[in-house]
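After this come two complexes, each holding subunit A, first together with subunit B and then together with subunit C.
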Partner chain A sequence: MGSRHPDRRDFLKRGAAFAGGLSLGAVDPVIGQTPPADQDVEDQDWSSPELIAYGERSRYETSVRVPHGGRPSPDAFGLVFHVATPLQDQVGIITPSALHFTNTTRGAIIPNIDPREHRFMIHGLVDRPLIFTMDDLKRLPSVTRLHFVECAGNRSRPQHVTVQETHGNTSCAEWTGVLLSTLLNEAGVKDAGTWIVAEGVESVKGASSIPMAKAMDDCLVCYGMNGEAVRPQQGHPLRLLVPGFEGIFNVKWLRRIKVVDRYYMTYNDYGHLRREPHDAALTYQIGPKSVITYPSGGQQLPDRGFYEIRGLAWSGTGAVSRVEVSTDGGGSWMDAEIRGAAHPMAHTAFSFHWTWDGREAELMSRCTDELGQVQPTRAEAAAFWRPGAVYPGTPDEPLRVTGQDNSIQPWRVESDGSVHNAIA
Partner chain B sequence: MPSLRLLPLLVFWAGSVQAQGLNYGVGRTPTDEEIRAWDIAISPTGEELPPGSGTVEEGEQVYLRTGCATCHGMAGMDGIAPELVRDGEREVTHPWDYGRILPIRSPYATTVWDYINRGMPLNQEGSLSADEVYALTAYLLYLNGVIGGDEVMDAETLPMVEMPNRDAWAPLPDWQPGMPRLPGYPY
Partner chain C sequence: MGSRHPDRRDFLKRGAAFAGGLSLGAVDPVIGQTPPADQDVEDQDWSSPELIAYGERSRYETSVRVPHGGRPSPDAFGLVFHVATPLQDQVGIITPSALHFTNTTRGAIIPNIDPREHRFMIHGLVDRPLIFTMDDLKRLPSVTRLHFVECAGNRSRPQHVTVQETHGNTSCAEWTGVLLSTLLNEAGVKDAGTWIVAEGVESVKGASSIPMAKAMDDCLVCYGMNGEAVRPQQGHPLRLLVPGFEGIFNVKWLRRIKVVDRYYMTYNDYGHLRREPHDAALTYQIGPKSVITYPSGGQQLPDRGFYEIRGLAWSGTGAVSRVEVSTDGGGSWMDAEIRGAAHPMAHTAFSFHWTWDGREAELMSRCTDELGQVQPTRAEAAAFWRPGAVYPGTPDEPLRVTGQDNSIQPWRVESDGSVHNAIA
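Showing the complex of A and B:
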């Protein structure tokens, strides 16, 4: 400890010299950030009042979201549609709020809502219709939980290169708010109330029907995300979290919940309809799923030798209980290490120590959840409902995964170290 | 003299007179007018439908006058926005095969009314009168061959429209906490 003090005094003296003698703002006198003498430090005024007040990431960190899903965002109408998160750059399980994927139901203009003016109403088949201000909601008992959100259309396609394209329509955040059950109990749900319709206040007023059993189980009315207010693209000032259910249920800019006695067949509900019952069931909860984010498509291994394979696993049914990794295209599987706690309906980090011998390899991960549901291969998922069908089918009639796609993502490592999407 | 430390509590009590929540006494009772103004979700049986009516002919006029054709094409086809009319040339054996076209696939005509009312026209949502929404719904149902050209849509007739897909959609699972996605499905 003693040897550190002179350094610190020197540093402070130099900081004072900069502050007093130099007014160019060329060097940042930030404690703990003394650069080595041989490092070229560029100008950036980290001491500006704006950045003192609300920080930004380094200009060298350039990871960004990208419009996705075959439609630009904004599109010709100015609507935001599908925007994918850069999973290849993510470390840990929390998606930074500024990089959380953003999808809207039809495409929407992201609204600016003054939280002081915002109101949230519960009515319909209740004993006491209630209207809440944001301040009202913040008085109530709150919970803070980690949950992923994933769009039903989050599926890997052969033309996708990176994990951002194959899997970037899922993100995970720490959400804070009031349990919907707390609010429904305040209003008093009548016996006939078997469904809710949750509705936003954005231009299209997106609305989804949700079964009462789910509403009373673990849904959250959230005002907080990753330690601050929910971001506008995620529903500021208030959004619904429906843990494990497909993204469209997680109504943003939440203004109203109507307790009703049936599936209401809103526009969102209509878009969710399926012809076959098994398909309909599979488009409700997100299946057990995982993906390796490092190394992943578009990346380049610089040399043979040691790599920590890393990825994310999740399930809409509960916590992840096991993740396995294969480096030989599914020929053999080994347990990966689950890093940290596996939270229910949350991204769960896994890692696996791998020494690359320089030969072609195929990396895969497989998730098992607490109910014992196991992530299928693409061939298994595609062929399950079509006995005798052989994956990948023919060019004229490719065998596709029915409904939501939670199948295993293979990444092929070439002998030159390049990494490619290996789905057929 | 009451302690100053009690003052916040007194203010709290005074402010909670209107609070109605069962356990925490937070929130207030909305007025009937507040509920009416926000209650735009229309059930399949149409209880929330407002008074008003519209004909197919009126609907065509509204379609052209309010700019629907600009994005959706002259008669609901070939525009830059989603198709609104099925391909009349196409032979189908199941109503599902018409594709994802709202006024033909939707099991209930109320959903068509509800969506036009809440979400159209783009950037002018909420600007259509109830009569105009009834008329547009009638026009689109007519173009898809669901109703005749002389039918009038109102709160009584709209929920009675027999959509071809009324019973052709798969029911959703009876979800309960901790249940698998689909019993018997391993994934």
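Showing the complex of A and C:
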């Protein structure tokens, strides 16, 4: 601290020499009490009715979802979009609704539905088939819960560069709606009703078979998301939420649920086609998973010194109970801090204080859930992948849907501060 | 249930005659298993790059903020906007960022700030004055917390029609940032530093005096809101959060904090002008408060039968510990269900199951916080209002800022199902 006006770059290079408790290498000390020069601040046109009604984000904020490669679809449309959440920009645990990942599975359509016209029916093996309007549903006992939704194919391209590309098909929102059990009890499920099939309004009918035990446990028929109506890309005006199950079960634009007496194999089960029906339900839950979002692939550490490593952990079977971090490629593990309450089947934020010494490092995180399940290494996970489930993908890049990949993600920090996906 | 195809309106009028456990008067029973007719569903143009990047809400969703009358401003601009959250449409506890209330207090401006150029300084009675870039701040230990922000003048027009008008100047978000104590400790507060003054970038400088005990307790320097960057109307790229204190302390577009040795009375303290400085800090906290959002003023109950009464409760001094509901104008009170965890200084959702018998009713809610403070009746609250603080308001409607009004809100349900503000 000899110079009264140290050159900023020089100061940064000296890294941890700063006097404060956190060794904040990157902070400018200032002498005297002169505030920063007034910025050339431009004002928004605040008289705009749009700004009053519904305030948008700063035009300087450019975090967006990105599409990732087309994948084959058995439907007639021939084209689907997978749009991934920018997890590298994530703060907190709520994914902004506008940035929630969207995977269309039944053609590249997003319907515009008038909620006043929408109806939801429960029928099949019930005593009283019922049709609900949206207003009917909003009169009923409701719940609000934080839950993630994740595509089972998240990480199907594990060698990609950024965390948005490797893990961006998971998002977390505050969902509000009616417990499905409330509606099923109102309809009266007959003894023979052991499964449900849920269907949306798509032209290619989506339908998922879900065991009655799950339907009666914690499934939600949701009209609210992050404080407002569910957005069109998430199923406006009504979607099914099946906490912890693979994303495809969370049927959007929900129009009916039929109570049936057995598992029906549908288009939605293409990922389970090689399985026996009586085994399928056992594999619906997302395994314990975590990923470091900062620092992550494609990012650049400006200098040595203090960093808060941050990331997300989640499990389809319950709450996250522990997150560990390694900075030496798995040689040693230390407990990360779980931030706030760990909600069941919800993204859980973790952090770990790290002072980077400027040498190569490999960052990893490992999640343990409340059942004691531990996120596996890549080698451990590969032992469970289905060898047969290979899809043609694009000409340049065959797509292998080998089953859920919840293996540990390594990020390599080079000595120049660049961060790379350590999966070759 | 004699008719196999009961006329819907007739069925609704019969109200609670339905066979299900919840007496869902408004639900259509259906015979057989015919699904609702296919809707004329229009698809979004999903090839739009904007839809991929950042998904917007349904064009059928029209919940918006509304401006409420101009109020006098001592600044040169002569015009301020107060834009209230549509609490009547609220689901869950998070206010969507686009619908977060906004009150400008220093002229009707919303600056567009480039976060790469923004600097934040801590100076004054500290050992090491510091200037932080946004990147500096994002390297530091961070926290994520749910907190409400509420204007002290919320309910300054208690006789208004809707809950948006009476209570819409409170909102709740998931805030992410650095504890102010982390930054102050890094700068090193001198013994004489007993207060801070926080300032934003506005042309009319905003500044608030905050006791050091609060600054070191739970104040946040926030860059994140509901999972993304703080929005311009909320202070992008950086705002101060002072949990539980009146909204004006939560300085937007934060550029500096000066550590000082006493309370400074500033423009921001206009609401406290008649007070002694040494008393002022004792009155900064928002009192225990609650309001029923459904059913609320201006809404219409379609028929007799089951309703879930829903609302929000909050307190500036800690977590909500109890919410009671009365359906007979305060004659009797019953415990409502607190939904999910009650976070300190955060909106807390509550609900209460009610079967409306079609007769006049008066709905009220009452909050008790963890300190045991109970939300007062209107008469009890009025005893504490400041008699002198009257502002001219608009020609048609004098504005009385009499101090925080946290009194119980009554909604009257008429026999025709219409809901009205019961404050004459």
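Assume the second predicted complex is superposed on the first by the 336 of 424 C-alpha atoms of A that agree within 3 Å, B and C clash if a C-alpha of one lies under 4 Å from a C-alpha of the other, contacts with A are read in each partner's own complex, and residues count from 1 in each chain.
One rule holds in what follows: contacts are C-beta pairs under 8 Å (C-beta built on N, C-alpha and C of every residue); 3 or more make two chains touch, one makes a residue touch a chain.
Owing to the predicted nature of the structure, the values given are computational and were not obtained by experimental measurement.
Chemist: For A:59, decide between first (touching subunit B), second (touching subunit C), both and neither.
Modeler: A:59 sits against subunit C, while subunit B stays out of touch.
Chemist: Once the shared chain is lined up, is A:264 touching subunit B (first), subunit C (second), both, or neither of them?
Modeler: In the superposed model, A:264 contacts subunit B only, not subunit C.
Chemist: Taking the superposition as given, does A:299 touch the first partner, subunit B, the second, subunit C, both, or neither?
Modeler: Touch partners of A:299: none, neither subunit B nor subunit C.
Chemist: Under the stated touch criterion, name the partner, subunit B or subunit C, that contacts more residues in subunit A.
Modeler: Counting contacted residues of subunit A, the larger count belongs to C.
Chemist: Check the residue A:256 against both partner chains and state whether it touches subunit B (first), subunit C (second), both, or neither.
Modeler: both
Chemist: Should A:113 be classified as contacting the first partner (subunit B), the second (subunit C), both, or neither?
Modeler: second
Chemist: Go through the superposed model and pick first if A:418 touches only subunit B, second if only subunit C, both, or neither.
Modeler: It touches nothing on subunit B or subunit C.
Chemist: Given the touch rule stated above, what does A:213 touch, subunit B (first), subunit C (second), both, or neither?
Modeler: After superposing on A, A:213 lies in contact with subunit B but is clear of subunit C.
Chemist: State whether A:194 touches subunit B only (first), subunit C only (second), both chains, or neither.
Modeler: In the superposition, A:194 contacts neither subunit B nor subunit C.
Chemist: Look at A:185 in the shared chain and tell me whether it touches subunit B only, subunit C only, both, or neither; answer first, second, both or neither.
Modeler: both
Chemist: Take the contacts of subunit A with subunit B and those with subunit C, and give the residues found in both.
Modeler: 109, 121, 123, 128-132, 136, 139-141, 185-188, 255-256, 258
Chemist: Which residues of subunit C touch subunit A in the complex?
Modeler: Per the stated touch rule, the residues are 19-22, 24, 26-33, 35-36, 38-39, 41-44, 46-47, 51-61, 63-67, 81, 83, 89-100, 102, 104, 108-119, 121, 123-124, 128-133, 135-136, 138-145, 174-176, 182, 185-188, 201, 223-224, 226-229, 231-234, 236-237, 255-256, 258, 294, 302, 305-308, 310, 339-341, 349, 351, 353.
Chemist: Within the complex, which stretch of subunit A touches subunit B?
Modeler: Interface residues on the subunit A side: 76-79, 106, 109, 121, 123, 127-132, 136, 139-141, 185-188, 197, 199, 203-205, 207, 211, 213-214, 217-218, 255-256, 258, 260, 262-267, 269-271, 273-282, 284-285, 287-288, 316-318, 371, 373-376, 380-381, 384, 406.
Chemist: Name, in rising order, each residue of subunit B that touches subunit A in their complex.
Modeler: Subunit B reaches subunit A through residues 20-24, 26-30, 34-35, 38-44, 71, 80, 94, 96, 100, 102, 105-108, 110-111, 114-115, 118-119, 122-123, 125, 168-182, 185-187.
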